[in-house]
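Multiple structures follow.
What follows is chain A paired twice: with chain B in the first complex and chain C in the second.
== the complex of A and B ==
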């Protein structure tokens, strides 16, 4: 019994410190890359621009899976008990969406796209229903990359 | 057409509250909810349990029949005779029949449980200096039976464990389920003090004085001092022996009971009986 309590506290403390360190680092990297790829707009519009004929269209996507740490999970259990917003999962989903979008932009950038249209997100929770397993969230961002056609030489 | 992604302001999709602050608030809230519900369940459970008819309690206690000694020993006869004397002094109803069990183990303990079953351990009996202290011990345990403390305690434990199981999902019910019937019973300090008083009252009726009765608490005091880890009085369910002696001394003075009479000795063969079981 006491062993279980010690293990639980240890996981909680480790989860908190390692989890918040990784989160901080992730946000720093996200902000840097967001600034870097800001030149490549990604919009939700479905409409093709009038000059679409001079673009090649290609599907691009970015996918990420982020796991929740033990501390966040326990906090979410407490949130579940009382109701209200599950604030501990908010940063997790925020990071996953932004990371997925960034990865999509990286792919578009590699194709020399100048714009990504019709951007959409899909989310899925992994380990759903596994009970005591620590859950993770998967986010897929996809869109239509608009690649300017190379002028024939 | 010109498209652009302006930089997204931070903190729109995430809460600013520090996770540790949220954690502390929620945890404290949970503890308060659990404490209040435990208290309510405990009060409700013990109230309902006190309404259980004694005949039903006896049916629950049938499991203790396995502790009935195969043969009646002189020791058991002697202890049972003392218990019967105390029972009639306490004017127990005939239905509340007290059964004394002796356990040949070096544990300084004695307890009363449902169905009027009283368990006395060798470890404690061999430390008692006279018959009056032994009678006080038996009277204290019989008083628990008379006050219906064992069934109340079980009802309280069962209500709390069932409630917690519903509330939290997975609590080990084994602790209070079946094993709890035997030794996990916890009497409150009020129950103990009340039983001390009723017990001493019965001892006075049996002997006409209370000389030697308080020697029991001196023994209990010595026992708890010899144990290296003594629980602080607030957490220990038995009020510390010095407090009990003080409370009972006040009672003795109030009632003008005689205390200066030398106590009855234990039978000569008592220690031999104890080792024979």
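== the complex of A and C ==
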């Protein structure tokens, strides 16, 4: 019995320290890459730019699966009891969305696109109803990349 | 085959609408990945195995969409949408659909 309590506390502490370290690192890298790809706008509008004839279109997407750590899952269970906003899951979804958008931008950038139109998000949970207690979320971001046509010399 | 989630393609007219075309794929995760995921799940972070699993699955659904579009004679699929649902424990269905059209 006491072994179980020790294991639980150990996992909680490990989850807290490693989990928040990983989250900080992830946010740092997201911010860096967001600054880098700032020049490539991704918009939710489907209005075509006025000079649209000079672009080629291509579907681009990016996806990511992120899981939450043991400590945050424990917090969320507590929140479930008292209600209120579950901040630990909010950051999880925020990270997943931003990461997915960045991956989509990387794909668009590799195609030399100058704009991504009609961006949509799609969120899935592979673990829904599996009862294994794994809290993970999958986010897909997709849109149409507008690639300037190569001028024929 | 032009695939786009826009409804209009600049400078190109839609000659004929051929209706909805679709592709889907259901994949389950295997035990190895599952065990790795439960370990990763203690500390949080990205589950690379699942990211790959789902993007493979999405590619397969996309291939089926293209196959169907070709079989009805379309040369483009417009207004493409993705949708995901979990049919059974640990299995995800990826569904992709759009309008098959003939562009001039």
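Operating definition for what follows: the second predicted complex is superposed on the first by the 152 of 153 C-alpha atoms of A that agree within 3 Å, B and C clash if a C-alpha of one lies under 4 Å from a C-alpha of the other, contacts with A are read in each partner's own complex, and residues count from 1 in each chain.
The rule is simple: contacts are C-beta pairs under 8 Å (C-beta built on N, C-alpha and C of every residue); 3 or more make two chains touch, one makes a residue touch a chain.
Treat the numbers as computed from the prediction; the structure is a model and nothing was measured.
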When chain B and chain C are modelled together on chain A, clash or fit: fit
Superposition-derived comparison: chain B or chain C, residues of chain A touched: C
Which superposed partner A:13 touches (first chain B, second chain C, both, neither): neither
First (chain B), second (chain C), both or neither touched by A:81: first
First (chain B), second (chain C), both or neither touched by A:91: first
First (chain B), second (chain C), both or neither touched by A:124: second
Touched partner set for A:35, first chain B, second chain C, both or neither: first
Which of chain B and chain C A:72 touches, first, second, both or neither: both
Chain A as apex of chain B and chain C, Cα-centre angle in degrees (nearest 10): 110
Touched partner set for A:44, first chain B, second chain C, both or neither: neither
Minimum Cα separation, chain C to chain B, after superposition on A (Å): 14
Overlap of chain C and chain B interfaces on chain A (superposed complexes): 72
Chain A - residues contacting chain B, complex: 16, 20, 34-35, 38, 41-43, 45, 49-51, 71-72, 74-75, 78-79, 81-82, 85, 87-88, 90-91, 93-94, 97, 115
For the chain B and chain A complex, residues of the former touching the latter: 1, 3-5, 7-8, 13-15, 17, 19-20, 22-23, 26-27, 29-30
Footprint of chain C on chain A - complex, ascending: 11, 14-15, 18-19, 22-23, 26, 46, 48, 52-53, 55, 57-59, 61, 63-70, 72, 92, 99, 117-118, 120, 122-132, 134-136, 138, 140, 142-144
Complex contact set, residues of chain C against chain A: 2-11, 29, 37-38, 40-48, 50-51, 54-55, 58, 80-86, 89-92
